[in-house]
Amino acid sequence: MAKINWFKYSSPASFYPLAGKVVPWFAWLAAILGVVGLYVAFFEAPLKDYQQGQSYKIIFIHVPTAWMSMFIYVVMALWAAAGMVFNTRLSYMMAKALAPTGALFAFLALWTGALWGKPTWGTWWVWDARLTSELILFFLYIGFIALGSAIEDPRRAARACGLLALVGVVNVPIIYFSVLWWSTLHQPPSLKLNEATMGTSMLVGILLVTFSLWFYTIAVALVRVRGEILERERDTSWVAQLIHEGKE
Amino acid sequence: MAMLEVTNLACARGDKRLFSGLSFSLRYGSLLYVHGPNGSGKTTLLRTVCGLCAAEDGDIHWDNQNIRSLGEDFRRHVSYLGHLNGLKDELSGFENLQFSTKLAGLGVADQEISDVLARLGVEVCQDLPSKVLSQGQKKRTALARFLLHKNKLWILDEPFTALDVHAVDVLQGIIAEHVETGGMAMLTTHQEVDISSGDVKHIHLNS
Amino acid sequence: MLSAFRTVLRRDLVLAMRRRADFLTIVFFFIIVVSLFPLGVGPEIDTLRTIAPGVVWVAALLASMLSLGRLFYNDYMDGTLEQMVLAPQPLSVIVLGKVLAHWLVSGIPLVLVAPILGLQFDLGGDALLVLVVALFLGTPILSLIGAIGAALTLGLRGGGVLVSLLILPLYIPVLVFGSGAVEATASGIGAQAHLSLLGAGLFLALVFAPWATAAALKISIE
Amino acid sequence: MLSAFRTVLRRDLVLAMRRRADFLTIVFFFIIVVSLFPLGVGPEIDTLRTIAPGVVWVAALLASMLSLGRLFYNDYMDGTLEQMVLAPQPLSVIVLGKVLAHWLVSGIPLVLVAPILGLQFDLGGDALLVLVVALFLGTPILSLIGAIGAALTLGLRGGGVLVSLLILPLYIPVLVFGSGAVEATASGIGAQAHLSLLGAGLFLALVFAPWATAAALKISIE
Amino acid sequence: MAMLEVTNLACARGDKRLFSGLSFSLRYGSLLYVHGPNGSGKTTLLRTVCGLCAAEDGDIHWDNQNIRSLGEDFRRHVSYLGHLNGLKDELSGFENLQFSTKLAGLGVADQEISDVLARLGVEVCQDLPSKVLSQGQKKRTALARFLLHKNKLWILDEPFTALDVHAVDVLQGIIAEHVETGGMAMLTTHQEVDISSGDVKHIHLNS
């Protein structure tokens, strides 16, 4: 039963309406969780961190975006692998649709981190292992997007990007550990991540925002995939019918 | 018994569907002309048959097996010449052919290569680097590969362009001989040629 | 299979001899990039000694990336790549032959000139030795990874820059361990660990890269 | 004449927009190369601050050289260069249009991201300002000189590396004055002299480079 | 009164002398066929006449002045199509033609470009990037330039390759018309064509 459904919905024609139906749900979930999460962040969490002042509230954006940026890359590679194994067009579209959001989160993590670094560390940037590997992750996303947009034929673009995502995901842990090691050999003496223990309300806030971003990602990816499906299948009968019915 | 069997083939470039529902089969000793105006998808069809392009839909079988799953065992039987000649500029025609036969795992004597080059009227490329050859001389050298590999299925995309009148005659003779001795050939051309040996078929795209 | 490998290897070496200028230029590029640094950074010998391993490695990365960008390009443009894909041989073996030929003519010379450059930056004898060993283990990894990038960007406009965007981030572990090895020796820790990691990396790359490259080539040629 | 200049400029800008990826990639290449150095050299902020101007400038040189290598290449391969040479317009004007278009889409973005990279290396406010001004004066010189190299190596195999061998030495004065300007500010001397020299260089390059490039193109196309 | 006057021309590639002592002249309303087998130097001759290659010896005069010293004033009158089409892959055929006419300093209305494209049967390239066109479609687009520039001297190197039968007819008509209305054309081809309007001349290389 489940198997039949899987293959049914992996065809663009039946995926398109399904995605259309679920997108609003994910969007609403994202919005609600986001509002609640930020409420917790700004009104429930301890008003002042004695060492850092108000600036520490950046954590509620910083940590979720950093987590999501790493998580999305893995999901992207999984979709690419599924595309290679099952040869479904939809998988490649999903991988491609996730990349811009991943890049956005990686950028936000870098940016909020830098904003936060100035008041706490007194500098925008240090060449610390975690920071550096986040930067490299951002480059990997950009590479993925650049390759996709440099290839005109959509089929070829999808497969090339899929392969790149797989190669990248093998390398991400290698990069992570190499950089970790590199930095511990030359740990900068004065600057260290401030390891303040988190209160529960903080943790709740961070988790809420993370889930909100998660649903946001799903919603946005589905919208992108829908657009892509329409563009690629615009000559097929079901799209023609869709337009005819005035649903779009 | 058909060797090459194409069923219900559909090809697209970008988002344009070029043809669909194309079926034909080729057996030993037959020749297939692919006709069609500019842009009708002849090149695309030829590349798809030899496995360089992916089809949108449909199957291509060789000896009742899918060519994708056959892989090397299919490629072993095919020679293809497209719009590019496949010659390295820095190597002489002779060296190019040496490389190509070795890569195919064939042991071909140097003398045989020289003979084929002479038959095609390009002795000149025995020493000259391919780079400085004229268009027609390059094409002839590329065609020499077909005579050396002795594969079953020849796929030729506009092989007569750039050839002078004499060379066109020679090539027609070569193709006719190949088909008569039990080979198969698929070709496109906009020029008037007539090779009528063997079992001749025609496909018209976009007609 | 072995014969296909040998045939491709021999062909690429012959081609390299015919256009010797190409490969000499890679070495000169490497030398020039390394020599630019004292001009940009200033002549204090202590700073220079500190940055030497990093600079040499970055230059090796760039040289390898630059020359790899065109590993398949000429074959693609003149149609020989098409013919290789159609050859009745596994494409990954052909790829391995090409990569090995490339490393022999462009990687080995880098390894050989590196000590001279290191002397210019006042590196000590031990450090120089480790630099050479690390480059010897590291440059083939660069070639193998770079081949994937070259295959993916084949025939794309602006490929030269795109390929760097794709592969430079993947080169980072090699850079870190490679220059780390030299620094470790300089500071007396010993380079053993770094070098073993490079060796392991080389093994991994040898196993996976030709396969990924072949897949990428098939996609690109369509 | 002015209309030929405008036509070429507009065409190249349109083409650049069509293949936006190319030009964004140059910027990212620049960013990545700069970021490689800390990985090779190690994270001590004092060393990094010292080498920052040199590193940024060397990266700008490389980015400019890499992207210039293909300035005429595509036009050459598809035959539009032949048509431009045959056009009833002075070739040097056409060249100037192409170079300007190239600088607008690839030089200007470098100038704009440089301050962010400078921040990562902990450069101060004054130094950042001088870095930007120096890049603004220096990058067009790089484009103009690079065009000569690109024209000379057109259609030669391995052009990418050969071009670097030809033009990197010519880039050296720009590198020296450009990074010198930043260092001078950092050490409180003032960058006035360096910047004026860069300005003079720009003027000279504007006068001679298009003419030399046109001559080189005519030779290469034969 | 001869417009184009070639005297005693000698050309060489590498260390091979292709031809020497070649003299001919072309006046208004005349057509010159350059014949010769593959590698006889036809392409080299055409490129030398339009100034892309340097001759070894001999003079080429336009209106009694050397074409080297005329420079732009000669190029203003010449259209050349070689083995390359001169189209930018990313631009549509339409945009390519817009660029090429503007560069020549001509003010050509968009409508006129569309008309010419329609006449050559490549309306399709109005929007598609040239990259995805088939060989024949590219060639047609490149030929549209000749109709838009309206130059005196047309130099065409194998213009009929890659064209389908219909397009070959159209192009023959176009060349004939150009010659009849007082233009000049120089062309090579290995295909059988017959354009017999105006004053037809033949040159045989290597014969």
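Letters A, B, C, D and E mark the chains in the order given here, with residues in each chain numbered from 1 onward.
Criterion: a residue touches a chain if its C-beta (ideal position, glycine included) is under 8 Å from a C-beta of that chain, and two chains touch if they have at least 3 such contacts.
Since the structure is predicted, the reported quantities are computational estimates derived from the model, not experimental observations.
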TODO: Return the chains common to the contact lists of subunit B and subunit C.
DONE: A
- [ ] Going by the contact definition up top, give me the pair of chains with the most C-beta pairs touching.
- [x] C-D
- [ ] List the centre-to-centre spacing of subunit C and subunit E in whole Å, with centres computed as mean CA coordinates.
- [x] 46
Open item on the list: With centres defined as the mean C-alpha position, give me the subunit A-subunit D separation in Å.
Closed with: 34
- [ ] Quick one: report the Å distance separating subunit A from subunit C, using the average Cα coordinate of each chain.
- [x] 32
- [ ] Would you give the residues of subunit D that are in contact with at least 2 other chains, written as numbers and ranges?
- [x] 19, 21-22, 25, 28, 32, 39, 42, 74, 157
Open item on the list: Counting only residues that touch at least two other chains, what does the list for subunit E look like?
Closed with: 89-90, 129, 132
- [ ] Hunt down the residues of subunit A that sit against at least two other chains at once, touch-wise.
- [x] 139, 142, 146, 150, 152-153, 155, 179, 182, 185
Task: subunit D-facing residues of subunit C, complex - done: 19, 21-23, 25-26, 28-29, 32-33, 36-37, 39-42, 47, 50-51, 53-55, 57-58, 61-62, 66-67, 69-70, 74, 157-158, 160-162, 164-165, 168-169, 172, 175-176, 179, 183
Open item on the list: Help me check something: in the complex, which residues belonging to subunit E touch subunit B?
Closed with: 13-14, 36-41, 43, 83, 124, 132-137, 139-140, 158, 161-168, 190-192
Open item on the list: Under the definition above, what is the set of subunit A residues touching subunit D in their complex?
Closed with: 123-128, 132, 135, 139, 142, 146, 149-150, 179, 182-183, 185-186, 188
Task: Complex interface listing, subunit B residues touching subunit A - done: 13-15, 17, 54
Task: subunit A-facing residues of subunit C, complex - done: 148, 152-153, 156-158, 162, 165-166, 168-170, 172-173, 176-177, 180, 183-184, 197, 201, 208, 212, 215-216, 219-220, 222
